[in-house]
Amino acid sequence: MTQPNHPDEKKPFPWHLVIFLAPALLIYVTFSVYPLLDTLFLSLFNTQDGNSTFVGLQNFITLITDDNWSHAFWNALLNNFMFFAIHMVLQNPIGLLLAVLLSSPKLRLSGTYRTLIFMPTMLSVVIIGFVWQLLLSPIWGISEEFLYNIGLGHYFDAWLGKEGSALITLSFISVWQFVGIPMMLIYATLLNIPDDIVDAGTVDGANPLQTFWYIKLPLILPTIAMVSILTFVANFNAFELIYAVKGALAGPNFSTDLMGTFFYRTFFGFQLQQGSASMGAAVATLMFLIILVGVMLFLFFVQRRIQRFQF
Amino acid sequence: MKIVTGFLPSSPLNVSKSVTVHAILMAYTVIALFPIIVVIINAFKTRKAIFNDPLGLPDSDSFTLAGFQEVLLRSDFGLYSWNSLVVTLLAVGLVLLLGAMAAWALTEYKFRGNFLIAFLFAMGIMIPIRLGTVSILSLMVELDLANTLTALVLVYIAQGLPLAVYILSEFVRTIPKELTEAARCDAVSEYKIFFCIILPLLKPAMATVAVFTMIPIWNDLWFPLILAPGEETRTITLGVQQFVGQYVTNWNSVLSALTLAIVPVLILYTIFSRQLIRGLTSGAVK
Amino acid sequence: AGTLNIESWRSDDANIWSDVIIPAFNKSHPDTTVYFTPTPPTQYNSALQAKLQAGTAGDLITCRPFDTSLTLFTSGYLDSLNDLKGLTEFSDVAKSAWVTDDGKDQFCLPMASVIHGFIYNKEIFKELNLSVPATRDEFFSVLKTIKSESRYSPLAMGTADQWESATMGFQNIGPNYWKGEAGRKALLEGKAKLTDEAYVNTWKELAEWKPYLGRGFEAQKYSDSQNLFTLGRAAIYPAGSWDIQTFNNQADFEFGAFPPPVTKSGDTCYISDHTDIGIGINANSPNKAAAAELLNWMASQEFAELFANAVPGFFPLSNHKIAIKDPVAQEFISWRDSCESTIRNSYQILSRGTPNLENQLWNVSAQVINGTMTPEAAAQETQNGLEQWYAPQQ
Amino acid sequence: MASVKLNNIKKRFGDVDVLHGIDLDIKDGEFVVLIGESGCGKSTLLRLLSGLEEITAGDLYIDDERVNGRSPAKRGIAMVFQSYALYPHMNVFKNMAFGLKIAGKDKTFVNNKVVEAAKKLKIDHLLERLPRELSGGQRQRVAIGRAIVRDPKVFLFDEPLSNLDASLRVQTRVELGKLHQELKATVIYVTHDQVEAMTLGDKIVVMNQGRVEQVGSPLHLYHHPQTQFVAGFIGSPKMNFLNAKISSVGKENTQIMLESGRVISASIDSSNSKAGDRVQIGLRPEHMSLPCKENKIEGKVTLVEHLGELSYLYVDIPKEGELVLKIDGDNQYKAGDQVVFGIQPNNLYLFDSKGNALTRLTTSLEAE
Amino acid sequence: MASVKLNNIKKRFGDVDVLHGIDLDIKDGEFVVLIGESGCGKSTLLRLLSGLEEITAGDLYIDDERVNGRSPAKRGIAMVFQSYALYPHMNVFKNMAFGLKIAGKDKTFVNNKVVEAAKKLKIDHLLERLPRELSGGQRQRVAIGRAIVRDPKVFLFDEPLSNLDASLRVQTRVELGKLHQELKATVIYVTHDQVEAMTLGDKIVVMNQGRVEQVGSPLHLYHHPQTQFVAGFIGSPKMNFLNAKISSVGKENTQIMLESGRVISASIDSSNSKAGDRVQIGLRPEHMSLPCKENKIEGKVTLVEHLGELSYLYVDIPKEGELVLKIDGDNQYKAGDQVVFGIQPNNLYLFDSKGNALTRLTTSLEAE
């Protein structure tokens, strides 16, 4: 809303505006916007051999066409989509299910469940990565023993070590860690649905399943859409878990390589491989563009169709 | 949320329904907690016992505090925790304050550039600040802030602001504008309006922002490593990570270190969690 | 005088530095305060690079061998040490990992080398009545016997971290195939190819290891392997000599070591005696004089003896005669006399381009052991990689 | 349509008894209004009837069938909520059709039903709109339409007009009255607006703290409130109460002494009381006449509210308190004036110290 | 206290003209009510007066000082919002004291002021409570208290009672009236409840789509509405309108023919019209008498609403439309009855085709 201004008296300079905005803007621009732009800018240069020369889009062309680079790039991108797909298929539905259960009327202990289930989300990847490696380790044998106990022992395998299963396993771990976020957000939306509307559905003869499907679900769709976009952004920025568990080489045979790890290797190098700031910046720029395009597509095709409802 | 029923709902249909709900939630709670509990249990066991009976509780034979001793003697865990606490609290506090101020300015006042600034902040949600590491580091060096906690705090503020501004703006919109108008009629200055009226009303939203900002800051490994790896400025996550690297085979020390690192974050979480759901349900993140 | 910070990836050694080495140095140099500030190995390179670029790195930089450090030097982050008098204590071979290609500039002081071989659990060997294998056939028959007992894993190694496959596997047994330095030089000069029999056979042998590795070795990490061995659950451990120190701390049984077995008894044996750690001076250090003093001290007999015994398994590269007390370490160093030494073949020059040979070796070696790639394919892929950028191989 | 019978219905939430045994007989086609102060349990009772809340004790019969445990869907009831509770994501048509669709009804059948109901409620041009695109009154009608299409045996309304503004409330109230005449449905209607209760109800149930205080036709409650609570609830502005003492008892006439010592007479049977009992006199604002003959009282006007055809006079009676008078609009009183007014003995109400009414003598008109 | 003068005040939001030149003179101590349909610009006008919104054109004087550009703080006004706008995190005391505290007033001064105001409003026992612990009526009083303590020259009220329930609204309205008598403050009061307007206002300003339709005392508006809009707005239930034609003009008496051909006479000056002009007759529900002499009309009762002392009769007049009658409660009409009623010629209103009223003959009482 407008601060009323008064043409008759001299309009004073809006100092309060400056004071409210400047600190945040200053810190944000200095320590985030500027460094990011600086880095993205780097992608137009070649910094190898110590001095930097302007090369235009050459780095991007190399990245996409040169076999050495493009192979790794497409592989990482594909894996990243896979990673995202698994989150969409698992994390959000599980979050939804938990949120729905948590919001059941008159549920006792719901606060306790909520807090406990949110716990993994609070922990650092260092801890998460280490713990799950232990649990899934064939040497320690916790998972194996557990599976034997429920009669599925022979299905056990060194999941984290197999090309076919490593990425999926890591995705599961990530889902396990972050399921609390969709859960919380959806739960909050569910709490906001007025009881009356649900009661009206009940009186209209809808059973709980129908109530969920026809009434609650459409009303939490906007939240689910928001959660999806957050998941997308987070997944395409993902790095820590892979790095903590599989290292920067994202083995076996790059089967767990994501854009994040690919960027890391390129930018900082790895073991005997030298890092290249300019190529790294090019990867970063591409990551940024992918996320931007993804978000835009989403806003354009999905968000527009979803209406928010006032109760 | 009203809890109104007696211990058992009276109709059999309801009983079976609520048993199912509890069963599923309980099962998932176990899944969520099991790994954490395994870590904690084993932190109190000898190395042999960890291997031979990973799920067993420590008994008189296997119980040991050696891991904790090692951790507390071999590394300055107190200092690390303190550093983490200082950095996290300062950064979260400033993110909240500056974020709220910016969110207020962006939603309450119309001025040229309003949209542009809001958009600039929104972009920050999408791009990981880590991409700018090298520039950030050079900047910190120029400002003579390398290896200081200040550097970390500044970067974390920059990292946390976009989401904070976004969430808080949404929330500021839900504050009835009559409140500010009433205050303006009362001759209250714009600053006082913000600090005496808006800020107290933003509390639940701030709890939400605090939790979402705190998690990545507390757990961050990257910037402490790059910006402040010195012994004096080491944070707890970095400390643990180095400890894990250093004692990678000494599992009961590692597990003890992990256990020690879990504790503070849980304390912080419990401080905020009560307000969290209030913040979420009062419309900030919808 | 002043304060010195040492950058290192050897977080394992943090206690030794603070408890033993620094106090010893301070005896002769009481007014220099030294901090040993390690970064975990996996993050060392990137963190160091970032810090160097920003000018916040420590005064002394622990040097990876060859190109990694060479780049630091050519980028101007490391000082030339040509004038350092301590350097005279080292042979040219020892210094070779840290000189420019033209041999003009020395930029790091050699600190230690590591030797590859196998460490075995003496109690298990005794229990199963096994003797130490000298030839490949003996090696595999020992493995077979252990496996048939089935109580123990014959070999403690995993492929999850990948580097073990390359370092403890390929570089460990390989020199016997490609005849040490001769093979390595031939590769450098373009006279040999990675598709040659020697290399393919190395991978073939690695592929044969698979049945003798523990269940789920694909997800087994380095620390898992160490634990398996020290807990007495595995009989043989493809080792780097640096493991001795860990094992001394954690194993409550006697263990011994043997070099990589040869084809038939009497063959010359080759070992990987890899120049692994050097130390240089940060070109931007405000305290170069003190740094140089520390380096000179590190070239001394005193340091060599301290270091070798404090960190058994890291063998000083200086010319001083020193007594190593640890029996297993003694065993390792004794191979220097009985066998021909060489260094890892991917380290010098060959990992300069894209794709990077070392990284490729990690990847393909792990895959060969996992059984997801044939030895021939591994050879072909690495050779192709090399041919893409390395002129002598084109 | 159906009859509804409540037999000692009780409800407790946790430790709190909210309804303490409600007995009620509702005839087929009757329009019953539940009225009472906020929190007295009106909504709770409605929710018990609908099956949304479980009955703690007692029996509920719809059409002579005990339906205690039955699910809402199977009770043949429809409910209109105070907030309307329209599904915000469905348009008007879908909102109205939802119940039928869930019941698996045939498409053309649903269509006909909805269109028919919409026509009846004059919302057939709004069928495509979403609830948020409707005005309050329109939403209200959609909510009723949603109830109608299901041909329920009993309609339950929970303060359906309280979210409308004054003029719309009047208009919708009239429409509701007509709709009831047309549908001849059994309706149970909760409100705390006494005008709604008076105008709509065939029968009014006055509730007080989880109990039924009195049941009766609107006029019966107006003329013969059993308790002071009911008397105060029915009529607007509220009945005036003054403290008094019985000075002489009688079967046809009672003399009452006010605090100031004034004595007035009332056509009330006080044969069960005795002289000296503390009582409260009830005076309806509309019953006090200014040119007066009997029971004269004088006081000073403190405020006059002119509403056009009538005015409210706020009169301060020394030593008694303040009374409200509702008088003809053609007057020129203003604050400060001294007035004398009176009240006919048969227009007086009397309540004993427990709040129970003393029997008034019945005039022929009020007999029914 | 202060006078307020509006001189051709205009407001436009972007492209939309919301106020089209408002002229208004408000005397010191006057209670002025702004009334009009939703969206007609009442709140906007209030916000212009308070300084929360900028005046597009025209002059605003408070106490003969032009204050157009002045900030809200410096105008000496206090505003009470429809939603009360209490600071939810401050208790009642702090809410009331906030403005004074900010102004740097001395602590005991603030204390006295607040306690005094709280006593006046009977909320002195609530000073420690938070707004959410208060009932609607109490909140309302706190909001007023917050305004009072600042001793403003002008009070601005924006529908302060619309969030209260019916009985509380009546009660608070009375209190507001008394408060005004006591404070003798200048009050500008927005509402769309005509009862509030009639009872509270010294002067009522009827607004219609951004224009002032008529200004006058409540009774003047009731008896002499200048337009059909005003006539329909003042009075409850609403005035009935019927289509008609003038059949013979006259200075004292006009004959009007209804659609059905009935002719009725009205004490209205139609000398400016001519026979055959289309007009609308206005009949107030309270003016139609059942035992009648003149202007007889007959119809069928469709609905009766009994409110105790009075009843509303909804009567369908063949070929004319439906009328509402407000009659005495002592009646036994029911739906379906045939009734004949009449209306006195001097109770009729007449509006020409543009909605302007034809002059009614004034009775002595309505003179003022």
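Read from first to last, the chains carry the letters A, B, C, D and E; within each, the first residue is number 1.
Just so we're on the same page, a contact is a pair of C-beta atoms (placed from the backbone, for glycine too) under 8 Å apart; a residue touches a chain by one contact, two chains touch by 3 or more.
Small disclaimer: the values here were computed from a predicted structure and weren't measured.
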Chains touching both subunit B and subunit C: A
Number of hops, subunit A to subunit D, where each hop joins two touching chains: 1
Furthest chain, CA centroid comparison against subunit E: C
Chain-chain pair with the highest tally of contacting C-beta pairs: A-B
Whole-Å separation of chain centres (CA-atom averages), subunit A against subunit E: 57
Inter-chain centre distance, subunit A versus subunit B - centres from mean C-alpha coordinates, in Å: 16
Centroid distance [mean C-alpha coordinates] between subunit E and subunit D, Å: 27
Residue list for subunit B, restricted to those that touch at least two other chains: 3-5, 51, 133-134, 189, 241, 244
Touching two or more other chains - residue numbers and ranges from subunit A: none
Subunit C: positions in contact with at least two other chains: 42, 50, 227
In the complex with subunit A, residue positions of subunit C that touch it: 42, 45-46, 49-50, 64, 66-68, 71, 74-76, 158-163, 214-221, 224, 227-228, 233, 346-347, 351-352, 354-359, 362-363, 366-367, 370, 372-373, 388
Contact footprint of subunit A on subunit D as seen in their complex: 47, 50-52, 72-73, 77-79, 81-83, 85-89, 98-99, 102-103, 132, 146, 150
Contact set on subunit A toward subunit D in their complex: 194, 196-197, 199-206, 210, 214-215, 218-219, 307, 309-311
Subunit A residues touching subunit C - in the complex, by the definition given at the top: 49-50, 68-69, 133, 136-139, 157-163, 246-249, 251-254, 264, 267-275
Touching residues (chain side subunit B, partner subunit A) in the complex: 1-5, 9, 17-18, 21-22, 24-26, 28-29, 31-33, 35-36, 38-39, 51, 54-55, 98-99, 101-102, 104-106, 108-111, 117, 120-121, 124-136, 139, 154-155, 157-159, 161-162, 165, 177, 189-191, 194, 215, 218-219, 221, 237, 240-241, 244, 254, 258, 261-262, 265-266, 269-270, 273, 276-277, 280-281, 283, 285-286
